[in-house]
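Before anything else, here is the set of structures, which you'll find just below.
After this come two complexes, each holding chain A, first together with chain B and then together with chain C.
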Partner chain A sequence: MISRFQIALKNLLRKKSRTLLTMVGITLSSWVLVSLLGFNRGYENALNHDIENMGYQLMVMAKGCPYEAATMMLQGGKGLRYMPQSMVDNITKEPGVDKVTPILMQAFFDPNKGESGGIAGYFGVESSSFPTMKPFLRFRQGGWFKSDNAAEAVMGFEAAELEQREVGDMTLVPEKNVQLKVVGILERTGSQDDGTTFVPLRTLQKIAETDLITTIGIKVRKDADVAKLESRLYQLPDVQVVSFSQVKQTIMKLISTARVMVMSIAIIAILIAMVGVINTVLMSVLERRQEIGILKTMGAMPSDIFRLVWTETLILCGIGGLAGIAVAFASARATDILVRRVLPYSPSGGLVTIDAGLAAISLCVIVGVGLLSGLYPAWQAGRVRPLESIRGEG
Partner chain B sequence: MTRFRIALLTALLLVLSAPSFAAVGCDLNDPDRDVARLFPDSTGYKTTYVSIDKRGGEPLLRKVEKRLGDRFHGIYETVDVPYTIYDIFKGKKKVGYIHGVNQKGQFGGIQVFVALDLDGKIKAFYIQKMTSQWAGKLRDPKFGKQFVGLSLADFESYDPQSGKGSGKTAGITSPSPETEADFHAALRALKKNLILMDEFVFSAENAKK
Partner chain C sequence: MDAIQTQQRPASLEARDLTRVYRRGSEEIRALDGVSLRLDRGEFVSFMGPSGSGKTTLVNLLGCLDNPTSGTLSLAGRPIFGEGKPLGERDLTRIRRELFGYIFQNFYLIPTLTVRENVALPLAFYRKPDVDGEVDRLLGMLGISHRMNHLPGQISGGEMQRVAIARALVNRPEILLADEPTGNLDTKRSGEIGDVLKDLNERTGLTIIMVTHNPDLGRLAKRQIVMRDGQAYDN
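Let's look at the complex of A and B:
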């Protein structure tokens, strides 16, 4: 015996072009929806990953623009203000502070980069405190420096790749012409560490002819009240405190407008697709009034007709939704590249994260909204009067 | 069979959507400005990306190494390195190419570019990046001018391992004793550059003719 599903499928295949166009509409809206939901999730995950990879939750730096400071920490930069290293001792005494690491960011001009020269940036870090802040860092070759005044360097994977360095090779600090021996090359992390060259703090201070630092990274105790610690740190003279949860909130706020706009576009796309569904199914019902009337005279109940038409909607939305999800999966990398070009700041790592859970939720939304759209045509079909419809068509 | 196809499609989709990291290539920092400078009479360019991996894989790598007279070494000189070839146009007519390669230098990576005419003759030699306190001597246009008019044939006898060559290349020497290591690195990069261009472009064009 032929099932309701098979009858619905046959009905849809009667008008192949119309069915195909409706399905394309659903596919496109499903694709947009899945990609945008994937972006919403992926962007936040990538930002969290970047912030977790910093290794510390708070950062103290000399007074200046906090947004500039946050951007510099996330993307690298130069021109930060300096503060005395004694600040480290003041901060270490604060209750709630677990670990502290002083950092000196320094940039030197390299006249032999391109036509008009370029900047080479270095991170001066303590060999005792910095590695413990980032225990997740793994070495492709070698390891950390032997001491804080060794003429050595540890390079992130991309920095080493660009400079074609291996452990044992020498590297040169431009402008100062100081030679450093590469003692470690990090595995790729997908974070800003990949492009960083780390130098022992004292060595970089000596090269830069300063005894100051630019930043202090603070790892907070698990049971500490971060907000209270933050306000206490603000009492220290001439410093500003950057909390990475604040940085995250600021960045999320910056992109929230864009997110609202694209979500609105997604909703509009879904609505247009659903109007298409209503149109297709309603047209199909109107064209088949006589046939529905005959079915009723043969004993079909209004609920049978309702379910039959609703099944057609289910097939349309199910196949269209699945196709859209498949397209979203396949084009995730292309979407990632496109989004990176458009956004002013993109964290490292995948910006569009689509998994089975997200795909299932999206499919449920598409099918759910589709079934709602199919209510009216199905109801119309259910209330067709058999004799009137047969007489009317004749 | 259908289940196998579905599994294959799913695996393909997952691979396509997974992030991947490619080896670092060698691009002009500012193509609009650099192309106009290296090819003054050009009006436009088109960029294409090729790799040994895609053009012939391991057999091509071995062939290039044999022609170079040296193995590809290091963790960065690999079969999947993307090479950027700039096809240079004057109006609608192609007039030459610009191509660069990365090379390990004494203190950092060296990026060696050549501008070639359609016969593979060097029109310009340009070291885009070199980390050395004496880099200026090798980046000096006077040093680069020595290569103008040469082609791959002139470098066939150059041995990157010993740093010795015959004919026209024998006359090209390091500008100073301090630049010796980077000078040899630059010459190895130049020979590699010309061999790759021959494999990627000129051999293919000759085969079409």
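Let's look at the complex of A and C:
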């Protein structure tokens, strides 16, 4: 015959524009909420992905500022601090250490890079240890060099693209005028590896006229206590330990302000939508006092009327919430770009990850808030007495 | 209250000394002043009298839409009012949906529902066990089947009141309460609605309590009660 759901739905359709406006409000708040939750999850995931892509959890460098790694690249290697390669043996001995790889970072000024020249980053790495630490690196062409003093190079995706190099081509190390043969080109990783050229450690040491290294990457055993290992490594003379979990925490702290802001926007949006729902449903209850009174003369209990009005709220919030989720899915990429602009640091992966579970949680929140807003109007409607409402018209 | 089984017993309605005093601020209005009357099952009774004489007040009490200030009312031999404290909304609802159907001067159809949906509306909240097919039967009986998919705004006033009657009858009430059912209709339509009510009373034995200002309509009822200053007089 006719269900209560149909009665509620038809009533919402009575004032189409009012219903639509209310629904738009709910849609907006649902969209903001889903995007925010998606960002909260996505950002951390992307950061974790970046850190996993390093292949090692700890990095040992010669003493100095732990955040110098980036700056020394920019300064063309002038600020680099070095340590003896024998440090590798000291670290390997530590319990809890799985793998160790020595790295020599170098940066040379390339006058042909970009419009006014730029810094080209070089990593001297050991062919025996570095590839095993980053087994996830995939080659677009070729493979790793086989010896540590070959005049060869493996180029990151962007480095190769910039110079238009293929496997078999020669590449010139700027400043030093040394030719290397390209033996491998990596697939895009979305990390800093893309812009780096990897050279056998000995070869780069020869080019840079040093027998020292700048960095040691340490892969910690799965069962080991990273914090303990870290404090033991600090006992070694003149070294600085960088743990990526610390770096992560620092970055998360940096963006927490942004997260709090977005969270407040979401809460405000939800509150506004809530007021909209209360207003709409209450209005419609007041307008229908006589109809509700008549429903009561025909046998509707206060609880029936309560549920009827609550169903209206449920429909409003359900449809609005779903629409918001759909919009959030559709606009995830745009949100990503927007968020990237305002954040101090953005990892390379997708920042806004929305999945079915998250959508379900958001829908529950929206519908829950909606039902809460419907409580008062529904209670008011349940209280309408048949007589008052019929008399009301005279 | 759900124990009221009026189907078998002769549904009589008995009021004793019903009084209703409205309070408006410090002012007291004695709208009903000790009315006693008895209605038998299958009666068609009309209430007439000047405006403000207490017709609506009385009929609302008889129809369990309101609690009296004092006095007793029993339905089918079972006391409803007069047993101590006034009944709550839920108890009144249980009695109403078991025994009564109501129609009013303003038809109060739901404008967003079709004629057929309006008639079926009470069943969404309460459904007696034997009412299958009742909607279509009533639509046919009241001559509005051809309008069943129209909205209330698309039919005439007379048709609207027929829809309201069908809606009031869909749960097979014992008693139909009609407060000025033709107040919004012209003479011709009023006569038609009057004939419908008389026909219902004669053919189905439905008890009808009707308030009206229209003497022609009032005369259709076998029993006529005149009200004056909160008192009822059998004619």
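Definition applied: the second predicted complex is superposed on the first by the 376 of 394 C-alpha atoms of A that agree within 3 Å, B and C clash if a C-alpha of one lies under 4 Å from a C-alpha of the other, contacts with A are read in each partner's own complex, and residues count from 1 in each chain.
In this section, a residue touches a chain if its C-beta (ideal position, glycine included) is under 8 Å from a C-beta of that chain, and two chains touch if they have at least 3 such contacts.
In this text the structure is predicted, and so the values were computed from the model without any measurement.
In the superposition on chain A, A:L387 makes contact with chain C only, not with chain B. Applying the stated contact rule after C-alpha superposition, one finds that A:K113 touches chain B and leaves chain C untouched. In the superposed pair of complexes, A:R333 makes contact with chain B only, with no contact to chain C. With both structures placed on the common chain, the touch criterion links A:Q164 to chain B but leaves chain C unconnected. In the superposition on chain A, A:G349 contacts chain B only, with no contact to chain C. With both structures placed on the common chain, the touch criterion links A:R188 to chain B but leaves chain C unconnected. By the touch criterion stated above, A:N177 is placed in contact with chain B alone, chain C being left untouched. Those residues of chain C that touch chain A in the complex are listed here as 60, 65-66, 89-90, 93, 96-97, 100-102, 104, 106, 108, 110-113, 117, 120-126, 135, 167-168, 171.
Residues 110-115, 140, 158, 160-166, 169-172, 174, 177, 179, 188, 190, 326, 329-330, 332-333, 336, 349-350, 354 of chain A are the ones that touch chain B when the two sit in their complex. Within the complex, the chain B residues that touch chain A are 9, 13-14, 16-17, 19, 21, 23-24, 29-30, 33-34, 37, 74-77, 102-110, 128-133, 135-136, 139. Residues 1-4, 6-7, 10-11, 13-14, 290-291, 293-302, 304, 385-387, 390, 393 of chain A touch chain C in their complex.
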